[in-house]
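Heads up, the next two complexes both have chain A, just with different partners, chain B and then chain C.
After this line comes the complex of A and B, so read on.
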């Protein structure tokens, strides 16, 4: 499995850009302190990864919704694969070479760009070679099927976590067993032992972080809402990259405190707040700056994201760390759409729309994402029952050739006009 | 009558309950999928869209129930939409693990038990071990007869073509198995004295996504290729591996073991289980080349393709990769590519 090699290290671009944003934030009296912390954390995450690679340390590459807590408890350096592809698109705006390299490997165009780009990135040597590849079937076939090819490209061993589709006692027990087997695999491969006390501490912090996520969500119900239009992407990244880490708690507490102050002061993220939106799925990363700008321009702000920020009920128990990691995997907001989309799952969307008093929803229909796009009609119909209009934006989270900024602007402007007419 | 979607659904349980299991296959011809597209979006595979289209048109209204599994994104979303827009009285989805480990078997077995209980409650009956044994015998007989049919295809000039075999298989999904077995026994008797045997330019194997259209195979065979075997969930992966009865386990356990251990779909891990069985088939049926037909947006097979191609190449077997829509008859560009592939295989042989 080879493709023509290119040696550009895009991770350095992420680090450089994050440090610059962080410093600019620090220098600006109006900037949110949480924003400064966030970009510092991103820069530190990738610096740690590059240093580990240089020093020949044990690195575990893993896919999305992976229980990274286990890696931190074993003091193993993680590399979140899909997030890294998104970050490259976000910070460099340039992922065409990675996508082409994925095609060169024989991956068909229907394989989503984060995974096609990822395989290409490894083949090009853009990303550090991991010691092991870890992946699961959360939440789609692309994730489930990506690991074996990445193992071959990287000439490394791997472990696949089989996450059951539904939730029952048997299924949770099965998942605990899967995690135990993975820990055993990691112990063998890395020569490190699982530190169960450390995992318990991480679980305790994770429990606290979930509480903070919920507090932040509560604050976002305020009118005007205090959190910036595309800010939810930071919340996603925090859980993707830093679950149970002390710096994540610090970020979330800082953000929570900032939002409390803003709510007290009646200070909205956009002024005036005209349209409260529900975001369904992930916007194109290369358009984040533009989306933030147009949101400010039109007073539109995402106040809820049922599949990304709306955590399930329950609490974690540090006395049962592994069971808690399993429990958390079922509490993930994204899990709302992994199991069967029954009445309960659909009611979750309606509840979000009502509680956050949304005027409309924007469905980012990533053309490469089959398990989300197949729900467009269903979610539209569910939201239609409570008279919430939905804009479907065909796009790609990574590939800028699918939709242009102008096209997105046109569609958003038309949607905002529609919302205005309704008001 | 109960519709089932995927080879990980144990048909014997439906049969033992006195129901007629019918495979949901959608339109096995190229057709307009307006409703399927509107409800499932075009990046869902055309197989799922086709099944939903038929369901939305009311053409599955005769079904008393549908049974599916968490097998792939297309299947699970099809069932999400089916549940919400099509009024079928009974509905059940099984969690199907992706591994072959003992805990995976335990989980799948518990899922199969739940399915049996749900069905018993719905029908107000009890599915006894005796009735399960009887159904296992009937289904194993079908598997055995199909295996005999495939054995005939190993001959230098087989008495049955790939197109005809696909037609046989299509009937298998829709008629009572007892009748099918009777019918297939007669066919095998006929084939044993059949004179018009099939010669070819190359012996081919078709692998990849779900496929039920004999015209696709016909278009290959019209060009002189002979499809002697396949790795499809509508053929070899459907009938391979009998339920092994063992005094030490219940019939339900035997059924569960068979379905999870059966010739795997690309969804299963590790993929080498599937690849090795493909390589075995290619060797046993003396295949010159492999045609991989992957329905657009069938991601599990698309991910496997680079790895499978490499393994086949290692055995000196070339692969032709075709991106198709479900139900395609293999016209136009596909014929051109198959023609070129056959020429390449001939040149390689000479």
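After this line comes the complex of A and C, so read on.
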């Protein structure tokens, strides 16, 4: 298994598309300023990565839910592999090629598409070749195995962070040890030293950003809700790519201010707001435009996403930067899915539904993701207790051959009729 | 003003006219390639049966796979909403309804007001559908009506796969050519059981609450309904004309709209 040589990576497709969207937003008086900032940030992230790749600089590829704060503190160029792969797929329309390349590597078609396509993207040379591969077992076993394969494909060294399943003082200490080992590995590989003062600054900004995420969540409770139907995906990307970065703080403050204005003006994201929805897991990326459109058409809006935007309690302490990075990893909204789904976690979903006054929930059941699909019945039952109906939408987050736009429309229309009937 | 409901299915189109005192008329016609012409044929026939002229004020609602393409209907509603309204009109005690159509199956759960609590569709595969049963009848060289009768006489059931229509077909052929061949009625009961096992697993996804009603064209097959009853362990309700339930539901919605003063 090797990377295709001599092929140019496709980072330019993201940079070009992001710049165009950003310019179009700048020219439109109705566009949100935060939206313009977001695409500028995306363009800048990938420009930096592209330049690093051209200049042969040290690049650290990492999987999702990785403590990127450490890379920024060491001035190492990060590459978020899942986000990069699927942004390229979105902007080039080449998802089928990447998925097929993954199958050719020997990954069965039943293996979850984000990981299959990721391996395929590296094999095709769509992504730049990294200097090191970093990964952990967050938030599934597939990720743990995926990193090994990516290291093999890229013929590069790698480091695996063993993230404890449970949370306790001992386990937090163990994770701090894991991060120290990784820092040592990175120092050896890159020749760079960890800048602890810089990490403390990043942690301070990350703490501020978590506060801003919470403020934004509070504003989304307003009726009508001010944030656009699928806008939460931007919030995810902000934490995936820019944790503790000054530009992320600027983006979140700008967005918060815009939402404050909209709430004051009683301006909703959809007009009229008819259905307030909870989103469980991630909608198909290739249908985001369509989902935004149908949401506007039916006055439906996602107001809360317990596994993606609802941060755990606690604050970070810049005086203990590494311990804070560990603490943050346990505060991630996605951590509710890691470890046993006990009554407390399930009650959290119910609280979310009640606080945000949701009319219904849409469960995006990614057919390849077995550990999330195992929760369908569990979540349906827990939401049924408070009379919140759940639509289970069988789909795939990146593979358009699983569910068509027409099929999704049919299912959503049935669900909206159900909600209308109950009002 | 009269309320008209039209359900354009993949094999048949159903229409129901609802007056103030109940169903005035209903009809079932074959669906042709043109949705609009099937819907018009059904509308003309049901109006004729009801003795209502086209000049009378009509408020129509369409549903079914072709429901969205009926240009003359005032509203297009999904099959689940129409099934819920239709079954609540005909069998108010039904809380779970199994609709077994030609190319898809739907299970819905409704509350006492006839509003949907949950539903689940099966429309990705031929196994467990009416067309599958038609295909099996053809293979056995008997009519679907005969299938129903023979199934009721079966003392046991042949093993037939419920997972895939293609596998099921080869299993049926193998039973026919076995020496001695598996008795016809046992093969048919096995075919019915394979369909029922799909339906039961669909029901379990959303939970089964009594009373349970079976509607759609397949509900006319008594042999199959008997197997559903055996598997569920209690009696199942089947309305007199189970095929028209969705069209009736569309007509009920049309009437609700008339009462709200819509036009």
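Quick note on the criterion: the second predicted complex is superposed on the first by the 413 of 423 C-alpha atoms of A that agree within 3 Å, B and C clash if a C-alpha of one lies under 4 Å from a C-alpha of the other, contacts with A are read in each partner's own complex, and residues count from 1 in each chain.
Just so we're on the same page, a contact is a pair of C-beta atoms (placed from the backbone, for glycine too) under 8 Å apart; a residue touches a chain by one contact, two chains touch by 3 or more.
These figures come from a predicted structure and were not determined experimentally.
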Touching A:413 in the superposition: chain B (first), chain C (second), both, neither? second
State whether A:166 touches chain B only (first), chain C only (second), both chains, or neither. first
Contacts for A:261 in the overlay, against chain B (first) and chain C (second): which applies, first, second, both or neither? neither
Output check: A:152 vs chain B and chain C. Expected answer is one of first, second, both, neither. What do you get? first
Any idea whether chain B or chain C touches more of chain A? B
Could you tell me if A:141 is touching chain B, chain C, both of them or neither one (first, second, both, neither)? first
Touch test for A:108: chain B only (first), chain C only (second), both, or neither? first
Answer with first, second, both or neither: which of chain B and chain C does A:365 touch in the superposed model? first
Intersected contact list for chain A, partners chain B and chain C none
Contact residues on chain C for chain A in the complex? 77-81, 84, 115-121
Could you pull out which chain A residues touch chain C in their complex? 380, 389-390, 392, 410-411, 413-414, 417-418, 421-422
Across the complex, what residues on chain A touch chain B? 1, 105-108, 110-111, 137, 140-142, 144-146, 148-149, 152, 160, 162, 164-166, 170-171, 174, 177-178, 181, 340-342, 346, 365, 367-371, 373-378, 381
Touching residues on chain B, where the partner in the complex is chain A: 38-41, 43-45, 48, 70, 72-74, 76-77, 79-81, 83-84, 93, 95-99, 101, 103-104, 106-107, 110-111, 266-267, 269-271, 294, 296-300, 302-307, 309-310, 321, 323
